[in-house]
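Following this line, the structures themselves.
Look at the two complexes coming up: chain A is in both, with chain B in one and chain C in the other.
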Partner chain A sequence: MERLGSGGREGARRIGEVLTWDPLVRLTHWSVALLVLLNGAVLEDEGQPHVWVGYAVLGLVAARFLWGLVGPARARFTSFPPSLSAARLHVDEVMHGRERRHESHNPLGALMAYNLWATLLAICATGLMMESVAFFGVEWVEEAHEALFAWLMISVGLHVSGVILESFLSGRNLVRAMVGSFHKRSGGGA
Partner chain B sequence: MSRARPEARRATLLSGVVLLQAVCSAFFLADVLGDLGRGPREGGSLAHNLLELGVVCALVVGTVFGALEVRRLLTRQARIEDSLRAAGGAFGELLEEHFERWSLTRAERDVALMTIKGLSTAEMAAVRGTAEGTVKAQAAAVYAKAGVSGRSQLLSLFIEELLSEPLVAR
Partner chain C sequence: MKLAPFALALAFAASPVIAQEVAQGDKIGTEIGAIASALSERGYEVRKTEREDGKVEVYAVREGRRFEIYVDPETGAVTRVKEKH
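Let's turn to the complex of A and B:
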């Protein structure tokens, strides 16, 4: 039985409340994650399906870029500009347990997002080069493609640990913001 | 918040469509560029490829418009939730105002609120940790102070207020 009275329930809901990301952000996030997993672990490197999945990742990242320009405020690039000094300040705040709330990505998470996108695009670019007539069979392109994928895996590892650590320290479940609630009300939107 | 839910579902669905279009755009663009790079012998006629490029452009434009539509939907959804919350807040204020006017005690306010929310006497007693008889007496006091005969009249008092004036100014 819930406790009644002025504002009691509101307060309870606010504790540990997370704002869910909008559906386009969530869908791009998880489909890219799935496709990367598919290309990295399931499909053969040489096959045509690997190339198709690569195209799909490129399209999804492109869509997220479009969303970063025209989407709701929270998803727009202007809400989380890449800034080393802001990231350093954020780390300092988290260490001292006086973190501010960030409407969009926190400054450190923003750097990771840009890193992941840049890496994905670079992987796609080298992949496309390997498909092209001019660079077919050129060794350094293949090596770059593989090295970039290794970097992507390291980044993903850091990203996941960052999310877990931040959720633990802030008491807000950041994973829920990316999963979203399909049955309960979703607090996302513009 | 149930009114906002179909909007959310539509936004999710439309996002999926937009992403599908984006994926198709990338796919066809890569295909056309590959064909153009291979030259007319292997890659097909220039006219054909240019036509395909036009199709890709149309697809990209469609993707952009789709994305804008998703954003419009999300903005609308956020506005609906805001006004629902405002309406909820306004109703709460209305209740407080009346409770104040009837000079209800703290306990009577709780009972009145739970009565309006539709809790039974037994439930109210459980929530408040008192005997059912106490709750009944408190409810009777509320009805007396409000000048109504019982629960349904108490409710209709507020319903009437709600219908007589718009809660949220648009």
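Let's turn to the complex of A and C:
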């Protein structure tokens, strides 16, 4: 996957107009997506594998969290602080067709990232509670676990819609930024 | 010793309290209420009961251990005791 020489700025490389996210961001993103799919659609809710997969998700989110503190600038939380006013401005810009370019997540994307992480952590927390003696078989915990998963699915739908919309509006393929480059770079260096 | 009969009496008196764990085949009830109280008498803290595939499934905790106990409501017998680890 390493391309010749010209390493990108801030731990990312340019592919055409799209900055690829760094490997840890991409790895955690797709691993979590895959494991959520596995736990939500394939594995039995009550089985031990479901629990192991949950631990793996927790570990991946924790790794991304550490990366948000010490990783490359673009992956750091300080590059995309959650801000409602920035999100409002961003919506306004999109509405008027004059959106600026965002090096990290755009403000709406940032809110979605925090929402997804918080939801994943809450699902993991309620899952751990269900495994504990104190909350074993306690109904509201199970209901919270399921409601949070439903919210995660809604969020994923919104997230994917946002990526498609932003790619369309900006003319930059954001999916490629998360997939990375498995083919020759199409022009434009850093 | 004078204490021995007393201790013996105490042991017998205490024996219903040191209740038995349920095992497969034990008849503990055909109704959810009866099943739950039978388990409570045997030292289980019943957390949840539900019907699953024609069986009554009970989530219960006993001495810090987590169990899923399945009872056949036709016969009242325990069909499966699964301890969660």
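Criterion: the second predicted complex is superposed on the first by the 165 of 190 C-alpha atoms of A that agree within 3 Å, B and C clash if a C-alpha of one lies under 4 Å from a C-alpha of the other, contacts with A are read in each partner's own complex, and residues count from 1 in each chain.
Just so it is clear, a residue touches a chain if its C-beta (ideal position, glycine included) is under 8 Å from a C-beta of that chain, and two chains touch if they have at least 3 such contacts.
Model, not experiment: these values are computed from the prediction.
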Quick check for you: in the superposed arrangement, does A:Ala41 touch first (chain B), second (chain C), both or neither?
neither
One more residue to check, A:Val133. First (chain B), second (chain C), both or neither?
both
Touching partner for A:Thr28 - first (chain B), second (chain C), both, neither:
first
On the superposed three-chain arrangement, identify whether chain B or chain C touches more chain A residues.
B
Which partner does A:Ala150 contact after superposing on A: first (chain B), second (chain C), both, neither?
neither
Based on the A-chain superposition described above, do chain B and chain C contact any of the same residues on chain A, and if so which?
131, 133
Per the touch rule, the chain A residues reaching chain B in their complex are 1, 3-6, 22-24, 27-28, 31, 52, 55-56, 58-60, 62-63, 66-67, 70-72, 128, 131-133, 182, 185-190
In their shared complex, at which residues does chain B touch chain A?
1, 4-5, 8, 11-12, 15-16, 18-19, 22-27, 30, 34, 37-38, 63-64, 67-68, 70-71, 74-75, 77-78, 81, 92, 96, 110, 113-114, 117, 123, 126-127
Can you list the chain C residues touching chain A in their complex?
47-48, 59-61, 64-66, 84
Spell out the residues on chain A that touch chain C in their complex, using ranges where they run on.
131, 133, 136-139
